[in-house]
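You will see two complexes here that share subunit A, one where it goes with subunit B and one where it goes with subunit C.
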Partner chain A sequence: MINRRIYLGIPMSSRRNRRALVAGYWSVSVLLLICATILFFDDPRFLEHWWMAITIGLLVGLMLCFLGGGAQLGPVADFDGDPKPPPRWALIEAADRLIYRWKHGEAEQPLELNLDERDRRLRDHAHYRAYRILRMILQAAIIAGVLLFTRPDAWTLLRRYNFVLVPFSFLLILLLWNLPQSIILWNEPDMEEPR
Partner chain B sequence: MNAEVVVLGRRISMARQTRRRTLVVAIYTVFALIMAIAWATTQWRGTGAYVIWAAILACRYFLGGYYAGGLVKPFNNKAPKEHQMPPPLLALKLRVYQPVPADDDGAYRNDERELHQRDHAHYLAFQAVGVAVCVPMFIASMRLIRPSLMSWIPMPPDAMYYGLTLVAMILFLTLPQAILLWTEPDMEEQS
Partner chain C sequence: MIADSSPFPWFSTARRRTRRMVVAAYWLVALGTFGVCQWAEFFRLERHSGAGLLFPLQVVVFLPAILGGVRAGGMVKPFNGVRWVPLPDRDYTQTLFGPPRPLLGSMTASDLELDERERQDRNRVHFVAYTSARWMALVLLALQCVAGIASRTWMINFGSAAFFLLVLILWSLPQTLILWNEPDMEQPR
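Here is the complex of A and B:
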């Protein structure tokens, strides 16, 4: 399920490194969300500034692609089994190959990118586990929503608490698009190094 | 997967795929009707939550999966806890219940094939729910960047986001079970 031996200079064969990558990714994501909440989300019209819209769009796009899975930037293989990496990430691929050669003194052996039966089961099970986690979050959100919408001033309250809703929505989208990948990276055992 | 449901005291066989597909279509039609009626009467103010309750009831009595009742076996592979309390009034009035399973909890356990189907249904549902959650965010962003793009929609923006969020929640609660019911072949053929 892991489609590269090295990613952004970090060896992906070791589970410890992959767990560090996942922990780092979520720490940075939450930190960015907190910063954005403090700086921008209090203003409900923050996206009207074109530079803000572009920055947030690029950042969200990068966060969604970072671990792979649906997009092939990250270390998790494409969930649909498409073995061809798109050319737009060629620069990162080339840099990682150079780092691998520098560390190991030989060219990186390409990994098998087609998903076999075990990979598909792993992918499906990771999605099931992610679904259960999101279900718990949704149950809490439903209770909060039911309590909120029994009030006649619900819409006014929603506008007033825009700085809570917007980061929660971003976090939900990040969870939806990256939780299965995180589970796969976290649980996959150490890979064998080529001899 | 269970082969029958009991509604109004009648056992209805769900062994055939066409019946299960009809049930799925009927359930989503009811959701659409409830949303339309709630919009027409109160613009979902205070009534939007009824759709969520309807989804929970549909899971509890027809779809199953995350609940002990319904056609799909419990996803967590465990027998339901035994309650000393009587069944809910609604179930008694509608006479909706599950046939009593065997004395052990084997009737609730998924075999290897069913576990794979469960996981794959969640994989498929995850993609759809991911898109459904992104749609309100995308529309909200477009409205902020270019308000004129959304001016033709005859609905207040907040109500539109709320409605789309309700749709995403319904899909989240029901889609894996619906996919399983939709794709499982006729049970007679399998045996």
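Here is the complex of A and C:
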């Protein structure tokens, strides 16, 4: 299910490294989200500035592609089993090939990009687990919503703090796009190092 | 994947009838939600209480209960199997009129645990459901951003509706896919 030997210069053959990558990714994402909430999201008109809209769009795009799962861009293989190699504009891929050549003194042999039966099972099971986790999070959100609505000033509070909706949606999108990949990266056993 | 002790045995034997039931359930949910929103608007309930929230909550809880999957007792077998049953054997309960109704004890052994093929089906269906929810959530977020630029009030209203839709999909899409795709069962003679 892992289609890179090296990603961002980090060897992906070791489970420890992959877990560090996942933990780092989620920490940075949540931190960015908190910062954005504090700085911008209390005024939804911040998107009217074109440079802000483009920056946020690029950042969200990067966050969604970072762990892979689509178009062979990240360390997790394309979920649909598309055997096409990564696109030419994927600079990280080219840089990783250079790093591999520098470290091992030979060109990297491409890994099998097709998903076999075991990979498909792993992918489906990761999605099942991700779905369950997400459902629990939404359940907690519903309970919080019900508790909020027991207050007489619920609607006033909701109107005052409606900016929470946007980061919450971002968090949901983040989970929906990255949770299965994270589960796969977290649980895949170590690969054999090429000699 | 469909429970042997389904609460609606007539619907669960033929694929055509199961599909009709799924479509009817979703139409009921859509019309009911719309009706309750109109009702809450008419009586200006949002100014006084969270009564308008009660119906969507009921939908989120009861639709998966009817379709099954999340808990035992629905049309689809429970996804995690049943590990604990309060009255395991014949849990007849005392009723005032008519014969006693069997509850969990009437579940057959095949309803309590999924076999290998059913596990694969369950995981596969969750993959499809998750992928659909993922794209839909992205579209909803984009719409919410557009609505947010247009007007803050719109963002509040649209955000709540989008959130509700997402919750509904996450809770009942796998069950719907199973009910939609499972082939016809043999009729008991």
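FYI, the second predicted complex is superposed on the first by the 174 of 195 C-alpha atoms of A that agree within 3 Å, B and C clash if a C-alpha of one lies under 4 Å from a C-alpha of the other, contacts with A are read in each partner's own complex, and residues count from 1 in each chain.
Note that a residue touches a chain if its C-beta (ideal position, glycine included) is under 8 Å from a C-beta of that chain, and two chains touch if they have at least 3 such contacts.
Keep in mind the model is a prediction, meaning the values are calculated, not measured.
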First (subunit B), second (subunit C), both or neither touched by A:99: neither
Partner chain in contact with A:127 - subunit B first, subunit C second, else both or neither: both
Partner chain(s) touched by A:65 [first = subunit B, second = subunit C, both, neither]: neither
Partner chain in contact with A:146 - subunit B first, subunit C second, else both or neither: both
Touched partner set for A:8, first subunit B, second subunit C, both or neither: neither
Subunit C-contacting residues of subunit A that also contact subunit B: 45, 47-48, 79, 121, 123-125, 127-128, 130-131, 134-135, 138, 142, 145-146, 149-150, 152, 154-155, 158-159, 169-170, 172-173, 176-177, 180
Interface residues, subunit B side, partner subunit A - complex: 45-46, 48-49, 52, 66, 75, 116, 118-120, 122-123, 125-126, 129-130, 133-134, 136-137, 141, 144-145, 158, 169, 172-173, 176
Residues of subunit A touching subunit C in the complex: 44-45, 47-48, 79, 121, 123-125, 127-128, 130-131, 134-135, 138, 142, 145-146, 148-150, 152, 154-155, 158-159, 162, 165-166, 169-170, 172-173, 176-177, 180
Complex interface listing, subunit C residues touching subunit A: 46-47, 49-50, 53, 57, 60, 70, 79, 120, 122-124, 126-127, 129-131, 133-134, 137-138, 140-141, 144-145, 148-149, 152, 155-156, 159, 162-163, 166-167, 170-171, 174
Of subunit A, residues touching subunit B in the complex: 45-48, 50, 53, 57, 79, 121, 123-125, 127-128, 130-131, 134-135, 138, 142, 145-146, 149-150, 152, 154-155, 158-159, 169-170, 172-173, 176-177, 180
